[in-house]
């Protein structure tokens, strides 16, 4: 990956582009993520109902692909669906994937 | 300069005419006059006056959109905001065509209540996730989707 | 026997006429016909048909009640009920003249949402304490009093 | 007091005549009392916000006087207002007054 595309994935987003956590249609819990780093952190914190809602709607992979522009991470999240994880299993696996990716990119960025 | 709102005073014939027009706005001056035993010119004068001072806001038609196959979903959205941003959020919501009604309200907490229509649940969610949650000052949103309407009417005018 | 609801199909002229009537129900057939380049008799026929099959429910007048000194308070009441009693509670609420709108709704929980008007906060509380809380199956009630209305309109008909 | 008026105060009420606990205008918490005995019990249980709301609106004394028809207890509740009790002080004093009254009437009723 080029340094500039890594920097792009790690950037801080505008309010409009943040990820907003809901628990069901129209029910926003007040938590959002404005960067990949914060996204990883919030996955560890928000309730699992919210994680299940977005995961099975495909919201996470869509946001990661279209807003963060990290196609690789989007693919990994999508593949996780095959395991059909729920509740804490979903949280830990999603958290692992996203935080690992963040750490790798950060190291790459710092050189 | 903002004009001070002053209550227009209506007499009992004005109230009767308003009530008649609310029941059916297409009644003629003659029909209304006959009903209340006054000349059609009197009815005309009273109505013109109430139109001029904006007591009468609009003559409209109530349409059964479901009958013609328009199947929107309606939701009641409660938006909790930073009190300082409440007015801005209410104004921004009012600009959206998906939003039919917006009010600020007071219960145990301050909130904004809005009626929203959308083609389906996905469109509803997108509107809220992309158009409402990101507004500055929005803290939480609670949405209830209407499953069945039992009653829907305007406040009926009672004769004084 | 309950009649099955079947969607009435409208053509583009019907939609235009409906939109015109929603904007102003007092326009004459001639005015509407001129606007859309058709004969007033055509407009008449289309409207009669839409009245007959209840696409047009009512011609009414929107009145500014505040202008004439009617100072009601409006509240949005959310009633949580035993699911088995939900329909009965909705029906009982619909019978009350204080209640303008009643719907059942679904969010994280089933509930009934109703718009209530009252002369003042005391009357509102009495109605809810004496008329709603005691209904069989009512579990909890949450009420928000409207402090300011920012937008209030019906769904506007769009031309197809 | 005549035995019949004691019995009347101690009776079980219909749903329409129960006391419904609110925390503010229109906010019903789902607790109600269909007798003096239950009223005493619920005063010990519901949150103090609800007690303050009804106490200072005069709802308790009104219900006790008009529905239970116990003028004496209504007077006692009303007098308590002079002390302007709030929170737990309100709860304990109100609870004391109402449960004492209930115990006295019950003894009188049992003879």
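All chains are identified by letter, namely A, B, C and D, in their written order; residue positions are counted from 1 within each chain.
The rule is simple: a contact is a pair of C-beta atoms (placed from the backbone, for glycine too) under 8 Å apart; a residue touches a chain by one contact, two chains touch by 3 or more.
None of the values given here were measured: they were computed from a predicted structure.
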Separation of mean Cα positions, chain D and chain A [Å, integer]: 55
Chain B-chain C separation of Cα centroids, rounded to whole Å: 9
Between chain A and chain B, centroid-to-centroid distance (C-alpha), Å: 41
Multi-partner residues of chain B (each touching 2 or more other chains): 75, 107, 142-143, 145
Touching two or more other chains - residue numbers and ranges from chain A: 26-27
Chain contact graph, described as a line, ring, star, complete graph or other shape: other
Pairs of chains satisfying the touch condition: A-B, A-C, B-C, B-D, C-D
Interface residues, chain B side, partner chain D - complex: 107-108
Residue ranges of chain B touching chain A (in the complex, touch as defined): 75, 77, 80, 121, 124-125, 128-130, 132-134, 136, 138-143, 145
Touching residues on chain D, where the partner in the complex is chain B: 23-24, 26-27
For the chain D and chain C complex, residues of the former touching the latter: 15-16, 18, 20, 22, 25-30, 32
Contact set on chain C toward chain B in their complex: 5, 7-10, 18, 21-26, 53-69, 72, 74-76, 78, 90-91, 93-94, 97, 99-107, 111, 113, 117, 142-155, 157
